[in-house]
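Shared chain: subunit A. Partners: subunit B in the first complex, subunit C in the second.
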Partner chain A sequence: MYAERVREIVSQHGRLSVPVAELADDSDLYQAGLTSLATVGLMLALEDGFDIEFPDNMLSRRTFGSIASLAAAVEQLAAKPVLV
Partner chain B sequence: MASLRPRTAVAPEFGALLSEVHRVGREVIAPAADAVDDAARFPHESIAALRELQLLSAYVPEAYGGLGLSIADISKVCEALGHYCASTAMIFAMHQIQVACIVHHARGSRFFEHYLRELVDQQLLIASATTELGVGGDLRSSICAIEVDGDRFRLVKKAPVISYGEQADAILVTSRRTPDAASSDQVHVLVRRGETQLEALSAWDTLGFRGTCSSGYTLSSEGAAEQIIPTPFDAILSQTMHPVSHIVWSSLWLGIAADAVGRARAFVRGEARKNPQLPPMSSLRLGEVDIVLNGMRNNVQSAVAEYARLLEADDADAFKSFGFATRINNLKLSSSQLVVDIVGKAMLICGLHGYRNDSKFTLGRHLRDAYGAALMVNNDRILAHNATMLLALKEA
Partner chain C sequence: MAADALDDVYQRYLSALIDARLLIPSGVRGLYGLGGVFEGVVEHFEAYVTRMGAHLSPEVMRFPPLLSRDTYGKTDHLETFPNLLGSVHSFLGDERHAMELARRKEAGEDWSKELRAAETVLIPAACYPLYPTATGTLPPGGRTVDLRSFVFRHEPSDDPARMQCFRQREYVRLGTPDEALAHRNFWLTRGEEMLHAVGLDAKPVVANDPFFGRGGRVMAATQREQTLKYELVATVANPDKPTAIVSCNYHLDHFGGAFDIRTADGEVAHTACIGFGLERIALALFARHGFEPARWPAPVRAVLEL
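And then the complex of A and B:
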């Protein structure tokens, strides 16, 4: 249920080399040009958009590998109260 | 098939090897250093002496005939060489980075396993071409693309800085994976002399590190597709090239700094002998610079220890963590500034004797070499990366 919003945010902040519309939910974002540094901007935009906070251990290739994995991570984090 | 895993513990015979490095440093490398610097020429005699000690295969595991040294040992050798000739130390350090990329990331490749044995037998020297016209020092971005056709590849890269490109037996080159891959979707390919043309783009007449002969070339090469390392470049960079580069560079800068402090100490001792009752004023400055040198050494040692732990644990995610990457960047940022600071402080102690080119306390070459440290991968670029990564880090 989060995939559509995630898709929008990836398209604005992912700095990919292909249009996000051409990607499937399970396409490899790194192959589409996502870099480790660009994940930071993406993470900040997701945190802002969903009012969540990514713990350090989720800043991994597994989390940022595809729109589907990001949507799953957002869903998991949105279910938990944010601890600051 | 033997494992390509490198050893991380310190070898017991290493102390003897390190003494040999210092002997060669005194007898061969230091005597050539001024001529190498004056003429901006390759330090042939120094590299020949390192080949004789089998040091070009220092990081190759013993199973392949190498010395099987650990990253801690390699760091010590770089530091030792930095005392005698920074260009020789830099060539040695850059070669070790390339060897580490192969040792860590070509597991299971028949071509590279064979190549490692060849490297040991012939003491082959490997250079690096990451920097590219149009992208500068941004390692994670390439314009050029490798073209693979069946089991052959073709590659052309405009590389404005390839240290010892003309003296190297092979060059590890970054490029995009295919002509339609994203700029960040990169591979690392070994191109060999005999299969590679280097057409001159620019010369190397610089302030320091003159003996590295880091001229620019248009590099064109063809070869077998198996010369592409079978690991994506972003993993090679985060697990090996990034940490190893900053560790070996910082180690040799430490050697430059330690030699400058050694000269200052000898100078102060001479002053003290003239008037043994009253310690010279400069001895206070010596005490002061020693603190800074100690800090620099501690930074190198703690980065070496952390990296050795990660190698031991062999956990790919740990290398990718922003925490580790920023600490490695901090090592580079701080060492590259401390080396200038320390050589400058040593100059103040030696006074005109350090400033003169014709004195045994001369520090001119040390200072010129030291200023190169902040530029090889520009510190501002690295600081900007850290600034970004720190935004994401939440835990201490």
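And then the complex of A and C:
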């Protein structure tokens, strides 16, 4: 459910060498030209976009490896219990 | 070990070095003058490095510890290590403006506000000035370059091994991916042998650069996963926490791409370097063998031609 929005943010901040539209959700973003520096910008944009904060243990290459892995991470972090 | 006790370990070694006139304090944390005995060890170790690299017939290049601001902008150091940066600022105003500068100093105000960025920044590593001079096509077989410079990193500390300004002696390889990686791996082994030969308990560890901020953690994890950086670590002040005294790095096409350096085949060049942290190596030697090189073990003295 988060993949579309993640895809949009990757498109804006990932500075990939191929159009994001050509990538599958499980395509390797590093193969697609994601640099470690662009990863930082992407992380900050995802945090702003979803109002989340990546904990240290998720700041790894695996988390940022594909749109699917990012969407899964965002889903996990955004799924905070709602207090009423 | 508790944090306070740990701080003591570093401060005790620092005090001992100052008492022995090996380090001369400057009033700024991490900035020292070096006594003659210290500098003598650095010189002898450097000569040892020269002997061990002679078979490579490296091109010797020596740069001042400054880099053009424009060149610096082509690297991503500002984005990845903004907290370590040193930038040269000077006074570019007229006489009237100079009066204001002096008035601020006199009044104990912050006069640096009157300064403007000059053409240069301080180099964070000895190999940075090399790359912009290498733009273009490498000869077949690439190049091997011998560099040494003071470098600057703004990280004030009481750990005598963490200096703000220190020297790196480097052998840099520019060439194909295979050539760069072979250079890194050759020196990782040769460097460890060299340190063992002078009695240091050095061992290689996979390492990462101290990239800035939380985003830097991703970069560090990536660097480690790709095993791009190894350090040779040895005991300096704290036996429980060895210090990196040599660094062996494979940069992939990081600098080749930024400075349009090409192999003879027209591919983007890959680069690798070994950097000897000269002051840290001397500190490790003093920690291991004592403060009087004349009394160091004969085999160590022989290797260093002391």
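Quick notes on this one:
Keep this in mind: the second predicted complex is superposed on the first by the 79 of 84 C-alpha atoms of A that agree within 3 Å, B and C clash if a C-alpha of one lies under 4 Å from a C-alpha of the other, contacts with A are read in each partner's own complex, and residues count from 1 in each chain.
Quick note on the criterion: contacts are C-beta pairs under 8 Å (C-beta built on N, C-alpha and C of every residue); 3 or more make two chains touch, one makes a residue touch a chain.
Treat the numbers as computed from the prediction; the structure is a model and nothing was measured.
By the touch criterion stated above, A:D56 is placed in contact with subunit B and with subunit C alike. After overlaying the two complexes on the shared chain, residue contacts for A:S17 are found with subunit B alone; subunit C is out of touch.
In the superposed model, A:L44 makes contact with both subunit B and subunit C.
When the shared chain is aligned, no partner comes close enough to touch A:Q76: not subunit B, not subunit C.
Within the superposed three-chain model, A:G33 lies in touch with subunit B and out of touch with subunit C [touch as defined at top]. In the superposition on chain A, A:F64 contacts subunit C only, with no contact to subunit B. Among subunit B and subunit C, the chain that touches a larger number of residues in subunit A is B.
Within subunit A, the residues touching subunit B in one complex and subunit C in the other are 36-37, 39-41, 43-44, 54, 56, 59-61.
Looking at the complex, you find that subunit B touches subunit A at residues 140, 181-185, 234, 238, 317, 320-323, 385, 388-389, 391-395. On subunit A, the positions that touch subunit B within their shared complex are 16-18, 30-37, 39-41, 43-44, 53-56, 59-61. Taken together, the subunit C residues at the contact with subunit A in this complex read 76, 79-80, 213-219, 221-223, 225. Only residues 36-37, 39-41, 43-44, 54, 56, 59-61, 63-64 of subunit A touch subunit C when the two sit together in their complex.
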